[in-house]
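Taking it in order: structure first as structure tokens, then the write-up.
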Amino acid sequence: MSETKRTTLPNARTTPRFAGPCTFCRYPLLELVESEHLPVDWAIYGAPFDSGVTYRPGTRFGPRAIRDASQYVKPYSIPHDIDITEALSLADAGDAPVNPFDCKQNAERIYEFARDLPDPDHTRLMAIGGDHSIAYANIRATWERRGKPEGGLPLIHFDSHLDTVDMTLGEKWSHASPFIRAVEGGFIDPKRMLSVGIKGPLNTKTDLAYAKEHGVTIVTYEQFQAEGTRTIDAFVNELGEEPCYLTFDIDVIDPAYAPGTGTPSMGGITSAEAFALLRRLAGIEVVGADVVEVLPDRDVAQNTALLAGHIMFEILCLDAVRRRDR
Amino acid sequence: MSETKRTTLPNARTTPRFAGPCTFCRYPLLELVESEHLPVDWAIYGAPFDSGVTYRPGTRFGPRAIRDASQYVKPYSIPHDIDITEALSLADAGDAPVNPFDCKQNAERIYEFARDLPDPDHTRLMAIGGDHSIAYANIRATWERRGKPEGGLPLIHFDSHLDTVDMTLGEKWSHASPFIRAVEGGFIDPKRMLSVGIKGPLNTKTDLAYAKEHGVTIVTYEQFQAEGTRTIDAFVNELGEEPCYLTFDIDVIDPAYAPGTGTPSMGGITSAEAFALLRRLAGIEVVGADVVEVLPDRDVAQNTALLAGHIMFEILCLDAVRRRDR
Amino acid sequence: MSETKRTTLPNARTTPRFAGPCTFCRYPLLELVESEHLPVDWAIYGAPFDSGVTYRPGTRFGPRAIRDASQYVKPYSIPHDIDITEALSLADAGDAPVNPFDCKQNAERIYEFARDLPDPDHTRLMAIGGDHSIAYANIRATWERRGKPEGGLPLIHFDSHLDTVDMTLGEKWSHASPFIRAVEGGFIDPKRMLSVGIKGPLNTKTDLAYAKEHGVTIVTYEQFQAEGTRTIDAFVNELGEEPCYLTFDIDVIDPAYAPGTGTPSMGGITSAEAFALLRRLAGIEVVGADVVEVLPDRDVAQNTALLAGHIMFEILCLDAVRRRDR
Amino acid sequence: MSETKRTTLPNARTTPRFAGPCTFCRYPLLELVESEHLPVDWAIYGAPFDSGVTYRPGTRFGPRAIRDASQYVKPYSIPHDIDITEALSLADAGDAPVNPFDCKQNAERIYEFARDLPDPDHTRLMAIGGDHSIAYANIRATWERRGKPEGGLPLIHFDSHLDTVDMTLGEKWSHASPFIRAVEGGFIDPKRMLSVGIKGPLNTKTDLAYAKEHGVTIVTYEQFQAEGTRTIDAFVNELGEEPCYLTFDIDVIDPAYAPGTGTPSMGGITSAEAFALLRRLAGIEVVGADVVEVLPDRDVAQNTALLAGHIMFEILCLDAVRRRDR
Amino acid sequence: MSETKRTTLPNARTTPRFAGPCTFCRYPLLELVESEHLPVDWAIYGAPFDSGVTYRPGTRFGPRAIRDASQYVKPYSIPHDIDITEALSLADAGDAPVNPFDCKQNAERIYEFARDLPDPDHTRLMAIGGDHSIAYANIRATWERRGKPEGGLPLIHFDSHLDTVDMTLGEKWSHASPFIRAVEGGFIDPKRMLSVGIKGPLNTKTDLAYAKEHGVTIVTYEQFQAEGTRTIDAFVNELGEEPCYLTFDIDVIDPAYAPGTGTPSMGGITSAEAFALLRRLAGIEVVGADVVEVLPDRDVAQNTALLAGHIMFEILCLDAVRRRDR
Amino acid sequence: MSETKRTTLPNARTTPRFAGPCTFCRYPLLELVESEHLPVDWAIYGAPFDSGVTYRPGTRFGPRAIRDASQYVKPYSIPHDIDITEALSLADAGDAPVNPFDCKQNAERIYEFARDLPDPDHTRLMAIGGDHSIAYANIRATWERRGKPEGGLPLIHFDSHLDTVDMTLGEKWSHASPFIRAVEGGFIDPKRMLSVGIKGPLNTKTDLAYAKEHGVTIVTYEQFQAEGTRTIDAFVNELGEEPCYLTFDIDVIDPAYAPGTGTPSMGGITSAEAFALLRRLAGIEVVGADVVEVLPDRDVAQNTALLAGHIMFEILCLDAVRRRDR
């Protein structure tokens, strides 16, 4: 991709960050980009759905809040020494259609929207939640746009919760179940699934069973504190350059840093640890991603929404670095 | 009912209002009351459901917040000169079971819970929301416990919205539709339905059509400002002593007074006007009621939850006054 | 008092309201005023005490919050056509000493502080709460500085509550009891006491008994809505120019306007109605006053603290107008 | 204008209000409208500037917050019986460029942006603040696009403050001065200027002098309470159908209703009174307008931003009604 | 204790966490448990008292807020591999009676309530504050129910403050003094007292004197950062299996994690560090405990109340592990 | 300086921290100190200016909020074993005059105020912001009062941002530029400038150029995580006892700890790390300092303002320790 064929941001030295269109990190709207026939490396879209929650709702307002707060996310990474807007062509694809009254139909609707975004061979998908149930839709669309790889995609999963409960309150489609459903669909490969930051207390000991039986690599918070990135490094090493999907539940970060979420889990990683963990993944090829569970009504100083914008930035850095370094 | 057979409150002169069990307005728990074989005039229960909303969710936490704030609701009314805990035997019946994933099934579940509360001939039902969709369930249960009166119950309805939309976002069961569903079920009589406080802007002019075609008496906020209680008085006069149902959506009150709600409608009645309107109904026989749409996450100083407690109190006063004056 | 002998404010056209010393309404500190040998018409002091509350504490931070918010209170009244800083010499006398562990000893301590403020023949006292129990101390000091008038001072009382409970939770000294204690001390005359804005619900009907038996004139909120200022005007007319004390509990104003208070009472007068009521008192001679029950932790947008500053201003206007018009 | 040549809104029955592009009241973006060659009756743009304030800054985030909250503003008015999106073609023109470091240059910059918006003969301008200093720019642009009418435009002004201070803290360009500057420029006619809702306390009595000397019609809040709309009706009657400009400072509404503002003035009109006052203007021809001084950081439950959206709606109704009724 | 003789929780898979009775961590009410003649290992009660504070009051609402937030505390610990509701029989014993007007009498009253809870030989006591002064009462009751062990109980104390001030503002009974009073009463043994997390700045250097003179082992925050758990491990090792009391002041945790407290001390341990420290105590026998100083009005995102619930859980884990491993 | 010639604090054992004059950390007002002819080691003044910001304004209220919160800052440091009020004579010098409409003139005005504070040979200056642009003024005044040392003062700089941008939005004077302007003026020496805590993302890679070209020692957050205090220790060692200036931007601390700031940068040091870093500087001679960028409207639980008070305390400790140890 030549330099002249990238999307660009408004110049923060002439258009202040409190003014102008309010898109994800100030990336241009996909519909405006399309009229200029620019290629798009990542289409980032909102998935404003929260009817899959088991506790506190409100993440349907997540995409809007993240667009708002992410006006202050800048493009140059000091640790990676890269400007992602120079390395990547990025666009805000708007919001997927949702059905707030039916979790399964909603997953279908978002999946179709994501699947049909232009240029499936080239453009990668990042979904911004919404609750974690929407990950299913983006994973499925990514898998399909990548040619339905057999065995499913490897999955790197940051979360306090495993989200592999088969049924909750009588329902198989909720934010407790996206990965069990995605495994059943063949979209992800549980044996190449890494869940980082899992912590208790849990409802019952059996909540760990599914992951263990299906070969998921779990790094609990306590394990991470004790061993550092040993297991993670091994997983990444094993993975190599194989295309994978990355799902980031903001509740993996301690509620002191990310209060705006619906099922807060006390005692987690810090923002700085989250950034360091993501940077440590440099070398992998992320072909799809999501950042979920930001709940603006609990986000007392809007830190969580801004943090989500930074997480998005760090994920995009991984792709920018890969392209530079390959 | 003899004086010795009433439920009682903890003495606020010995148990301070910030201590002790946290039930609606400090009324005793129904299960404790039952073990003492006391009659119960009103069973008040929570309906923690909000998956019927079209905009902002969160009212599932309404019952809990109202229990909390209503610790400061006292029992003696100066204008009515009556102490409702001397006139009525009251109990907190806990929360109805809910299904947060299916609005129709949820309505069924709450209806069954309410229908099966003890002593159907004597005990009246007050449901505390939750979104307005739960009114359907309590109306239906009330209608059934009252012997399924033909033509349905008269309905007095305080709200900014008519809630008679047939379908929203592809769904017939939501907080936009409880009364169209209740009319269809024969549980309420639209010709004896009074909707007070309706105001715009509306989605379309046609949103008024159903109510007008079915004979609902509408008193818009602007009409109320212009004519006062003229239409309301006429309706009440016509109604006489016929048993009726009262549904109170907190968003009928201006958001300055009741910020904690999901579809706030600017420019409404004040708290004092709401109390005065309810007191003006004195003489009617309320056989079932609900207070809905309190959303704690938006309730910045907890005024809305406390206000809901006062609305509950004023509704109960109507029954206390009727018993005294008949 | 000659023009050259008044205290003055910083010029808001050169020292912005967000800068400089943070005293009540920007009036100078009494200790600085004293060194200039200026007369002081009103010494305004904080009474940061809240251990007399029966429900929610926190008004100990009231004086500080009111100083902060009142930086935006300006000195010229359009309706009275008077600039109070031209008519009066005003000073912030700092905070009274308090005893947060003993309500009775605290009252003693504040009383002594207030009694001993300089120039008792000339300087009038305004106490800023703190909870309503501190009114007792300021009333007693005012009464003593005025020469201990027999029968006690007349009292004009704005409040949602009567505050004439003999004993609460085993205690005779609390914010429920200041006026019963002041009557017992002979500092106020219950027959010339006017309580405006009283409203329910009450704990019991008997809470009204003391006031009724002792001849207090009560104007409930509902009565005010019905009759306007009829009873108030009659009381003021009867009072004439007799020196009186004015006590203003911020909870008389509806919680939509004044959320920052500890025992909020739903359905009250508006800010504008409060100002109008105070202006209507023009002609009376206020010789002491207090503004109480501002609780900053509940004051979500700091409206209550600013409102308290305006109430202070309106009370001072009464004295400014009296001096001009006599 | 034919029906087929209007801009349209997303259907709230298929795209929920918490999803999709976040423009003022969901009106389409001007740049998208232009590509469809639609006429535009009103171009509504943000003016995110707050460096003209004398007290609390933050209104630079006003346009963004109002776009967010106004997703819930619907298009059909019951009192006017009109759907403004059927009567008018409306567009969100984005944000004007600003200079946060220089109030005068900023006014110039916004003026040029507004002046140069397409189709000056047809398209009317509504500016959304930002602080009140931005009104100068929109008034000047409106005046110029209307052919620079001699004597300036009549002005209808809702505000707690007159905003005719010549100089503040050494500066002639601030939110205290837009109208004195606009009179000096000949853009507005002070003799046909109506200021509604003015209230004290003021810094000095002389703050009223400019307006009185230049023939401004002032209706203070107290005057409005006493006489109702008498003076306003007379002004409107006199004005007839002459094109005029309408400027609405949200602080004219009581802080209980509109806490999110920088110079809150206690004791004002309610939201309902504001709507009624605007509706009473029906018959006038508004050719330019602004809504200013919304400060999101103080807007504890986002009521102020939503209220601003409703005010915008009521102003647009005036134009819709005029077109229907002429 | 056989499996069939334990208390049980509502099933979170059928009764959602936002519904149903709101007891500590959803443990059953003691009065309901008693009617089933179940043994109770821990009676957990609220102590809603805050009149012992020297700075910011409001912890009287702590028990209620913790009950609310702790609905989301689950029972299975991954690090301990134990489900506490399978290992222990737990009950919510309601709130102790309090005297908000007298700190010493209040301590007496809570002590009597705790002492008289059923089954003193078996049931252990956990008190939930309230300010730290209430620890005295629970320590004394625990000591008495354990047969008044000579020399007093060992004490493990997490706190930013030593709470061994003899007198504050003229008062010997306050939240600054519980441990000096408990030592005087012979209920705790200062030579076997460990204070973890102490940090400055202090009022004076002499504030350390009492603890040092009486043999208290102090681990300041800075010492903990430097040496880790060395001193703590040695203390625990020395203690062995001797029954001890554990008191946890939430302000030991940094205010970023626990903002809802009255005397916040900047620069403390994280939530994760607190959990790890508590888990490291595994092996000791805790026979009484308290968690205090949660102040809901400052708890901006309710993190502090939820954190308190997790601390309660970790303390109960210690007893569950001891029973399993002995 | 003899013991009798120090300023003193109110005794917190008799005047509670919620009462009395509200100065920085309860230090006496300079004007009262002067009348007692006491020497002053540090004059601490507010600089309530925020018109230099490029994103979110509001720090003009910083000094007031820090005065308020810092009432709870105590004087004895455990790690340093020193009571700063015994070692230093401290005073609150009030607020500098500001010009909110012109960043350059404002810098001039604050500079003149600071320069002219009494006793320039002895009294050191600490400025409390306000935005970081005010550092220029205090640096310049300090440099001048110290005899205009050639080459400028060494600078120790804690910040997330370098603040060496030449021009922003067309303006050379803003909070992005204080150090480039101070270098140009010769007041600081970039070769002896240490910037700790810098982190990205940045606008462009070139934002690092100025610092690198002028020899600034940068320790990014990531570098600090990797190497600890190695570079910092080397710088301090090199510096020796040479008089230096210390500037502390609160946004160097992670927003979880310091949410109240205008350009929050995710992933930073903790409060405890900040304290440890400052303590590690012990041995240097600080002759001027500032603490800036506290924005109260975003400071949800007032933690940031209290934290700023602690930072002030730690900086003053450095001077107290130096005097003791020299």
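Note that the chains take the letters A, B, C, D, E and F in the order they are written out, and that residue 1 is the start of every chain.
FYI, contacts are C-beta pairs under 8 Å (C-beta built on N, C-alpha and C of every residue); 3 or more make two chains touch, one makes a residue touch a chain.
For clarity, every value in this text was computed on a predicted model and none was experimentally measured.
Chemist: Quick check on the contact graph: shortest path length from chain A to chain D, in steps?
Modeler: So the least number of steps between the two chains is 1.
Chemist: What's the chain with its C-alpha centre farthest out from chain D?
Modeler: E
Chemist: Measuring centre to centre with C-alpha atoms, which chain is farthest from chain F?
Modeler: Of all the other chains, the one whose centre lies farthest from chain F is B.
Chemist: Out of C-D and A-B, which chain pair has the most contact pairs?
Modeler: Pair with more contacting C-beta pairs, C-D versus A-B: C-D.
Chemist: If more than half of the interface residue numbers appear on both sides, call it same; otherwise different. Which is it for chain B and chain C?
Modeler: Result for this pair: different.
Chemist: Distance from the CA centroid of chain D to that of chain E, rounded to the nearest Å?
Modeler: Roughly 56 Å separates the two chain centres.
Chemist: Need the CA-centroid distance for the pair chain A / chain F, whole Å please.
Modeler: So the centre of chain A lies 39 Å away from the centre of chain F.
Chemist: Which residues belonging to chain E are in contact with no fewer than two other chains?
Modeler: Correct list: 14, 16, 18, 54, 56, 60-61, 100, 169, 254, 256, 298, 300.
Chemist: Between which chains is there touch?
Modeler: Those chain pairs which touch are A-B, A-D, A-E, A-F, B-C, B-D, B-E, C-D, C-E, C-F, D-F, E-F.
Chemist: So in the complex, the part of chain C that touches chain F is made up of which residues?
Modeler: 14-16, 18-22, 31-32, 35, 46, 48, 60-61, 63-64, 67-68, 94-98, 100
Chemist: Please give the residue numbers of chain D that touch chain C in the complex, ascending.
Modeler: Against chain C, chain D makes touches at 54-56, 167-169, 198-205, 207-208, 220-222, 225, 254-256, 259-260, 263-264, 266-268, 298-300.
Chemist: Taking the complex as given, what residues does chain C use to touch chain D?
Modeler: Residues in contact with chain D: 12-14, 16-18, 72-79, 81, 83, 254, 256-257, 270-272, 274-276, 300-303, 306-307, 310, 313.
Chemist: Note which residues of chain A are touching chain B in the complex, please.
Modeler: Residue positions touching the partner: 50-54, 56-58, 60-61, 99-103, 169-171, 173-174, 297-298.
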